[in-house]
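Next up, some structures in structure tokens.
Two complexes follow with subunit A in common, the first pairing it with subunit B and the second with subunit C.
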Partner chain A sequence: MNMVFASLKKKLEGADGAFMLETEVEIAGGGITAIAGPSGSGKTTFLRMLSGLTSPDGGSLEVDGETWFRGEIGKTPQVNMKPQQRKAGVVFQGYALFPHMSVLGNLLYASRDRDMAEKLLQMVGLRQLRHARPANLSGGQKQRVALARALMQQPRILLLDEPLSALDERMKVLLQDKLLEINRDLGVTILLVTHDSSEMYRLCDRVLLFEKGRIAADASPRKLFVERETTQKFAFKGEILEIRAVDAVYIAVVAIGNNLVEVVIDSDEKEDLQAGDSVIVGTKAFNPTVRKFAAKDFDVSRL
Partner chain B sequence: MNRIRATVAGIESSENLHRLSLSAGDQIFTVITLELADDYTVGAPVEIRFKPAHVALAKEISGEISIANRVQATVLEMQSGKILVDMLLESSVGAFYALTTVEAVKRMRLAVGDSVTALMKASDLYLAKTDVS
Partner chain C sequence: MSEGFDIEPFLLSFRLAAITTVILFAVSLPLAWKLSQTRSVFKPFVEACISMPIVLPPTVLGFYLLVLLSGRSPLGMFFGERLHIDLVFTFEGILIASCIYSFPFMLQPLQAGMEQVPVKLLEASYTLGKSKLQTLLHVILPNIKPSMLTGLIITFAHTVGEFGVVLMVGGSIQGETRVASIAIYELVERMEYGTAHIYAAILIAFSFAVLMTVYLLNHRYKIPG
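After this line comes the complex of A and B, so read on.
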């Protein structure tokens, strides 16, 4: 089993001034780890330091017992492997395919292993399109080519920076299944930058939550998302838009994401709540009903 | 939100579904819940929480009823709207609110000072750790 050990430091320029990106993390081989957190928290830089595209200021990086980087701040690094020497596959949100090459050509450019290319094209479901040019492919197909190409050199780790964020829901789910398959069949360790909680839940066994250059939380998706303060399982963060008195109770209008809901609250709850407050709206898992979305229902994603 | 301080007295589990017995004063409460965090163990201090709308009231109750939680209480206050009545009840496990209808209050001839039985379904109660506000 391979394993990533990354103790890395790098000074970054943020919107509110410079801050230090500092990671001290061990990732066991074979899993899928989500890298989450707000923009500018250091997620992409972390992936770039693993792939060799960005040099850390100092620290050490070991993958599978092999040192990829070792250096002290302010000195020339003792070890700093070039990106092409590192067994790391990289896929970013932009596809970065060679437009003048066919799908197969793009794969063979990474490595001249024809059998491997055929196997990977089969795996991502693109064998029929092996001679197509990238310009004639859909976004989902291009991203699958990029994924297959990243796997051509049989990397130890696969680094994915929001690879699915530009795709529609159906294509996203299809590619999530492909990632699970790749992870299972090739045993490659995957690090995935994502903001999508259902993606983390479906794919990842661990979430590293970056905040201002530090790993602020390190837990399984289930631990991170399922509300822990109470036994309520149906809990959402929202904002109170208004509270009004109706009969012997109060009704709070709460915005949860793009949805507006009305909640009956009692005088005791109303005491310390007012419009503008951030709140958690919760109920027990026994109470909500679930039915299929119907054409007559209003879909807030249209907004 | 009503809150009653209690201690976990027992946990019975079937996969991730749990039935908890909780003791509060002379009263044993039952709560049914999914997935429990590790720190809900026997002996742990917790708060039982429930909405006033999830409290049913009975007067001179007799016969069998499936609702697990029954608390003897006295009506302390009644705040009446046109349709709903917010009632403050006093019991051996503390004061809590019950929300009922004006129609029910009339039919039951409920008044301040009356003795009632408050009924709460085990699936309507939830638990919070006591350090949570």
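After this line comes the complex of A and C, so read on.
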């Protein structure tokens, strides 16, 4: 069953002029969908249009069989449900916890259902901290409070704007597991904006890649990242730090994420490469290969 | 030396200030909220109108209020004929004048405080199903306590300290419009410096205590962030 049907248009002001954000997308219930794409491509606006915090210029939005928006460009919309009426849980970038309320207070503000609040705090592992103030929590804890708060109203869709971007790797993985658990146990449909390809791969069954306001790619993370035209077994994007000659071959030191790797390259390959180049380090069979990063390669860093 | 001391002008001043503060708080709260949320082209116009008393000489304001409130003006006629209240040289008259004169001192801190509450908090509240009124009461107000206290205290103190407008609209009628600041003026005119000293010292102590309170409270609220 389709949970979300979003055919929305909105004019946006970008860094190089105005452009039209146009989405035409159906999202199945129960899944986790990643909204990816470069900054200023309309990801956050898309999420805001779903939650009702930003009004589209025109189009229609249906969630779980209910019309949340319908209107034509230049006219007053026929339907434009307020954010208060939409059953959309939102986790904001920066969490937006109410500083004057305790953790439990933040949850109970959403709904006075104490049992539900205790259950959700248990689920995100914060029962011990229920009386703490947000100012005294770590980033990961704040994130979990925001998540639990957004679930208090039993939303039909859960919208997360870069929920894990400010957290360290360990906390990221922990919270990714939490999200998977929530998705599985509560069956809530999740849409999240993310730049992190490993996050998409671990969490999401679908990636919508936004570019200049349009959905440029719509596929499973596996299709997007692995099953590309190459037959490489693995491929990472990195940056060459230095190339040095060793006997008849050359060794390139490549920074991939936080790791440094040394890759043997031959003189033909060396011709094309120099320190500072962005490269793809991949392997066919057993030998790692290094080749110049080309635009046709899917640019993971821009996600 | 102090045989002329009379507590009545102070009581009158405090009564006037207390009622003015309550009225202005009630009026300013929704207006400040509206102004903090709107992007209307009329916003600067409204803000400029309300802020006029800060820059206008009290005599100018007092003069126009006198004209506006007099028995021959439509407003004065309405109050006089329908409610049997005279607005000139009466407590009700200086109350209206005080409300206009002290309006910006209540509105500005409230509006500034509300504008500083992060938009995300309001949006979070809306997505949690809360109306604008619920958001105002449960999210905005608890987060602007220093601004509220500043508005309340400064409005009270400013009303106690006003002189020109009250004199123009209310004159100096004992027990009705002779507030502390006017009483001092009259004492000086009558050369009763001793009593004037006492009155003035009380007002200085009061003003200092008020400002000290504001700064202490603001300091305390700022520390936990």
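Simple rule for what comes next: the second predicted complex is superposed on the first by the 235 of 303 C-alpha atoms of A that agree within 3 Å, B and C clash if a C-alpha of one lies under 4 Å from a C-alpha of the other, contacts with A are read in each partner's own complex, and residues count from 1 in each chain.
The working rule: a contact is a pair of C-beta atoms (placed from the backbone, for glycine too) under 8 Å apart; a residue touches a chain by one contact, two chains touch by 3 or more.
These figures come from a predicted structure and were not determined experimentally.
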Task: Chain touching more of subunit A, residue-wise (subunit B, subunit C) - done: C
Open item on the list: Quick check for you: in the superposed arrangement, does A:R144 touch first (subunit B), second (subunit C), both or neither?
Closed with: neither
TODO: State whether A:K172 touches subunit B only (first), subunit C only (second), both chains, or neither.
DONE: neither
- [ ] Could you tell me if A:M152 is touching subunit B, subunit C, both of them or neither one (first, second, both, neither)?
- [x] second
TODO: Determine, under the contact definition given at the top, whether A:F92 touches first (subunit B), second (subunit C), both, or neither.
DONE: second
Open item on the list: I'd like to know which partner A:S51 touches here: subunit B for first, subunit C for second, both or neither.
Closed with: second
Task: Touched partner set for A:V249, first subunit B, second subunit C, both or neither - done: first
Open item on the list: After overlaying the two complexes on chain A, where does the subunit B footprint on subunit A coincide with the subunit C footprint?
Closed with: none
Task: Residues of subunit C that touch subunit A when the two form their complex - done: 118, 120-121, 123-131, 138-139, 142-143, 224-225
Open item on the list: Per the contact definition, I'd like the list of subunit B residues that touch subunit A in the complex.
Closed with: 1-2, 31-37, 40, 49, 51-53, 79-86, 97, 99, 123-124, 126-129, 132
Open item on the list: Considering only the defined contacts, which subunit A positions touch subunit B in the complex?
Closed with: 226, 228-233, 246-249, 264, 266-269, 284-287
Open item on the list: Applying the document's contact rule, which stretches of subunit A touch subunit C when the two form their complex?
Closed with: 51-53, 82-86, 88-90, 92, 94, 96-100, 109-111, 135, 149-150, 152-153
